[in-house]
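Taking it in order: structure first as structure tokens, then the write-up.
Note that the chains take the letters A, B, C and D in the order they are written out, and that residue 1 is the start of every chain.
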Amino acid sequence: MVNSEKSGLPMVDEQSEGRFLVVEVSGPNYTGLKRSALENDLDFLWRDTGYATFGLTTSDHINAMAWAAAQSGVLRVWRQESEAVLSGRTWRPSDTIIQVGDAAIGGNGVAVIAGPCSVEDKSQMMEVAACLRETGASWLRGGAFKPRTSPYRFQGLGRKGLEYLKLASEEYGLPVVTEVMSIEEIEVVCEHSDVLQVGSRNAQNFPLLKALGSSGKPVLLKRGFGCFIDELLHAAEYLMSYGNPQVLVCERGIRSHEPSSRFTFDINAIPVLKSATHLPVVADTAHGTGNVDLVGPIAKAAIAAGADALMFEIHPHPALSYSDADQTLSLEQFAALMPEMAAVAGAVGRRLDGTDRA
Amino acid sequence: MVNSEKSGLPMVDEQSEGRFLVVEVSGPNYTGLKRSALENDLDFLWRDTGYATFGLTTSDHINAMAWAAAQSGVLRVWRQESEAVLSGRTWRPSDTIIQVGDAAIGGNGVAVIAGPCSVEDKSQMMEVAACLRETGASWLRGGAFKPRTSPYRFQGLGRKGLEYLKLASEEYGLPVVTEVMSIEEIEVVCEHSDVLQVGSRNAQNFPLLKALGSSGKPVLLKRGFGCFIDELLHAAEYLMSYGNPQVLVCERGIRSHEPSSRFTFDINAIPVLKSATHLPVVADTAHGTGNVDLVGPIAKAAIAAGADALMFEIHPHPALSYSDADQTLSLEQFAALMPEMAAVAGAVGRRLDGTDRA
Amino acid sequence: MVNSEKSGLPMVDEQSEGRFLVVEVSGPNYTGLKRSALENDLDFLWRDTGYATFGLTTSDHINAMAWAAAQSGVLRVWRQESEAVLSGRTWRPSDTIIQVGDAAIGGNGVAVIAGPCSVEDKSQMMEVAACLRETGASWLRGGAFKPRTSPYRFQGLGRKGLEYLKLASEEYGLPVVTEVMSIEEIEVVCEHSDVLQVGSRNAQNFPLLKALGSSGKPVLLKRGFGCFIDELLHAAEYLMSYGNPQVLVCERGIRSHEPSSRFTFDINAIPVLKSATHLPVVADTAHGTGNVDLVGPIAKAAIAAGADALMFEIHPHPALSYSDADQTLSLEQFAALMPEMAAVAGAVGRRLDGTDRA
Amino acid sequence: MVNSEKSGLPMVDEQSEGRFLVVEVSGPNYTGLKRSALENDLDFLWRDTGYATFGLTTSDHINAMAWAAAQSGVLRVWRQESEAVLSGRTWRPSDTIIQVGDAAIGGNGVAVIAGPCSVEDKSQMMEVAACLRETGASWLRGGAFKPRTSPYRFQGLGRKGLEYLKLASEEYGLPVVTEVMSIEEIEVVCEHSDVLQVGSRNAQNFPLLKALGSSGKPVLLKRGFGCFIDELLHAAEYLMSYGNPQVLVCERGIRSHEPSSRFTFDINAIPVLKSATHLPVVADTAHGTGNVDLVGPIAKAAIAAGADALMFEIHPHPALSYSDADQTLSLEQFAALMPEMAAVAGAVGRRLDGTDRA
């Protein structure tokens, strides 16, 4: 690495490796850069990012780096394996922290996000929120707009559900995470929640991701169950390159050949993501297992592997829940699991949400 | 089966099997039916379909069928394995045919849908359309709104691309198939095309599917590459239960562990779908292989297995195409493949598009 | 459950569930039982097990259980989901412990099995064994007969490798785990090692499993990377029903669509196996990740999820190792990981091998 | 390509691509070549093949090829993507044909291999063989040694089954294909059959493959259901490099996430294999589908995609068969399918077994 901040020459990381060349520029000279790239047989990627960063591919990296360093307005040049730039650790080495009021995800703490799969009524939400407050969990979740495989299943309470979420949130001082399924819903969901969730089935809904780029709220982005980890990072890149730096990435189980659990929780994804991206990494223990008996062991495993936050589905009466009953913990089961998870968090040098209060 | 059309008693198919009980009713008595279902411990599925058809689950099917037959206004009662009703062969045994002008998909013929991955300019589209006309292929495709994994890649020409598609369509008399990625785009895409395509990454974008239920245009629905065949049928059910009976379902390759091809074309899905649904079954030979050397063999295999239509990516200069170059045939390769496919279609008692003209 | 030990009537567990009916009998009346089963339309499974236990399938479980309880010589009747009987928790509820000298796998402790992928020479093995002794790891592993994907790759030192293993074992008091690939090798491997390993590629080599049923040595059985968890239990059932009660089952990663790690470690399999079987559950952190950067996080995750033992590939000079260099820890990396794992083991109420010594 | 046959200089294919360098040598100078390779930092693969062919890996292919061409005794130098040499098309461009008496697999014809999953008794085999003779199918199959997932299921008649196979073979003049599961069985299976089958669960049983290298009989090698296509070629390479040039490779379905069929038939594998290897490519339509309703469509698809032979499970009374009833055709279903397949074979310019007789 030639550190050239003082000299005015671009910083060129010659040790970096990977199929993509990234060039950070200071000013609006994209057109000239593009023309020069084409003349040098470099594969210019389509658009600037608003962050004055873009990428190139070439097989002759040494010449390509030299070319890039010689262009005017260039601040920094490096290579990386993924095309995703803003979500990568080279662009930003230090961990991103998502903060809402006193609650944070991404620092030394391990955050807990819990609530019912579907918001059903006000008393349910109040009971759940009270449980969170008691156990020390910091983030309330619940689905108001529900992506259901069948059109004949409960599709969520919609705006009414958002109102119950907000009531519980305000009563117990818990920030809210809830799903948004379409561009039309963004405004109303923003009014009622603190973090917008993009579900597994919308993990590559690019118009939605672009629109959420300017939502002004943090986005919790789930991996598509058929997607590569790299595709999760590219989805995050859509959000970031369209203006939203506050992104959380979430492993929620992939489809494999194994039939004994609904999905296969990809535990390898936790350290792979922690190494590849500065964004907080969330583990969804409900969908990742599909089975309440597996939730506790997988939650502890995810903490041990380095997750920054955990998601749970909990309900006062799991058997009566409108959706996902098989993977939903009772409030008692959840309360009993919290100190077990706190012990594992402590063993890896971190502190679980609410450990000081509980 | 007790055929009771004359007697006024409901038709009850006692030989039917499966986890779901379907009850077709004549009038607006859902509320009473729901109350009675709950009293009989039956799992009432959420909404009526506009077709006076809905489903129930129960473990005691004999009593459940008897209960259903005794309700007022009931026309027909049967069981089936999938929750998808309107897309199933029990609800509608005979094949659905999608017709646009003279072109049809779903009857005895095997249709060919071809065109570039991305619409790039007017001359490209005219050249491609002329090739289709000459070879006898009936449907023109091309992407104007492109779902790209990376935000830095070419995202399509948008409205301009739609205009080129329509020009080529009108000049050569070929109906157009093109992708719609969001609710906002539906109107403009409808103005310029004949069949709306929903891509693999939107295969479970339920708000989009609901909105397309009232689009008035046929929808070509691709299977999500991580989805079950049954989930493809459920996605079709969203379209149908929201009012659109003109649906085509498309196998386009799934993610497996095999790295030698980009996706694994699930040939088993062709006969599975033909048996389960009355909707036309389309085979996408480009994404299903990701490799131009495999396109011909897989296209012929799909015809032999029973596909009603085939999709191809073709381009006057594949190496220069803006996207998917590896799986794109040249016009010469495509023209050479047409008679080979016609021979296989003939061997299974069908006729390929344009066989009489070519 | 009707406990009838005193009355002489069979114990019939009426609360049990699953597709298989298991009948434990006291004497050699298989023929009569089989004839009676056939007369009652029950699906008699093929052979007795030497343990006077066998299974039946039927759809009318209530009558089948009554029939079974009425047969002469019957001690116990229950249903279970898997056809695997002897490996199941109903047949034997309490944990099996595998003991070699002072070392044990399957009790409260968490055992550590470490060594090079391939045995290369004597000094390598001595250096590795010394490291185990210092760090407190109890079990020495190393491959002498190597199953290599290509015939052109190093196939192991064979008998010479076994001798080096035994020398190191005796010098440092560490029991040896090593792979056996064929029936011909069983005798010589038994002479030189304490636990016989069956690799992923032989996970359904049934003649080998049958022959190992009478080997008299514990068998560490890896899951095939394309196999269901239930198939791993069936493979264990081969070993057990052919006479070997000392079996360890090992999760070692499955093939999925994700390309960023060589295999996907199926963390869900750990609690699924702990619940289904009384056999010790081992986690192979080397093959499960294929990447030295993932080994530590996944090892800690496996402990948190309930694994009874962990396997590692370690080498004095990983870059020079004859095989699997990418997933092999240096001795320093391994020594540094041990206390980190001990902390996680402590957090879930267990003690890592050598924690009291280290 | 420098063709230098006359000049005495080695043939060096400079246009070839891939990660492996192959050097064909005329005499026993391996030791010198190995020493020289090590001095030039080339990765020498472990053993010579008996065919005086071996491979090297290096990142500097130009220098490596020059080095290789300069060694004494070198006949030919090329690169290829897979480490598998003898099974590759570069080593042998023209198709291998397996011939037993009048029956052949691998030429212009499409061969049909049919018979019961398990040999059950003499009359069953005679009835099946008579059906083959009538329909024109040329190869008789049947399992005598059965690899069953559970030890409690029918394990095959063993030697008795082989005798029934041979009787039927001799009576009707049909060569026999049957499975061998262990080294111990090779001799007796060789005495009773013409082609030895290696099943999916032994696809990477390397000691068995090595032993079959000197069996003197053709080997039909199935792909492991969790294996890469490249691993199938490596398994073939074990057989070939240990002395057996008569190998058939068989696609039989892979494990995917799709639950509607027992396995997912990887149709892409047919053209991938035809391009990569000169060995005949067989399609197992029974295991590839697991469902009798899919067998016909997939058989026709496999022919259209380029398969050289098809395998079927057929039985006089499928519902009574000892194993695999769900994927077994009746003799009538099989006889009806033959002319349908013949039509597809004709459409791709080939002739199905027995087409001239039937």
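One rule holds in what follows: a contact is a pair of C-beta atoms (placed from the backbone, for glycine too) under 8 Å apart; a residue touches a chain by one contact, two chains touch by 3 or more.
All of these numbers come straight from a predicted model, not from anything done at the bench.
Taking mean CA positions as centres, which chain lies farthest from chain C?
For chain C, the chain whose C-alpha mean is farthest off is B.
Between A-B and B-C, name the chain pair that shares the greater number of C-beta pairs in contact.
Of A-B and B-C, it is A-B that has more C-beta pairs in contact.
Calculate how many whole Å lie between the centre of chain A and the centre of chain B, each centre taken as the average of the chain's C-alpha atoms.
Comparing mean C-alpha positions, chain B is 32 Å from chain A.
I'd like the Å distance between the centres of chain A and chain C, where a centre is the mean of that chain's Cα atoms.
Once rounded, the distance between the two centres reads 36 Å.
Measure off the straight-line distance from the CA centroid of chain B to the CA centroid of chain C, and report it in whole Å.
Between these chains, centre-to-centre, one finds 46 Å.
Quick one: which residues in chain D touch 2 or more of the other chains?
226, 254-257, 259
Can you tell me which positions in chain C touch chain A when the two form their complex?
Counting only chain C, the residues touching chain A are 226, 228-230, 254-261, 264-272, 275, 288-289, 293-294, 297-298, 300-306, 340, 343-344, 346-348.
In the complex formed with chain D, which residues of chain C make contact?
45-47, 49, 54-55, 83-85, 147-155, 181-185, 201-202, 204-208, 210, 224-227, 231, 234, 237-238, 241-242, 254-255
Quick one: in the complex, what on chain A touches chain D?
Residue positions touching the partner: 226, 255-257, 259.
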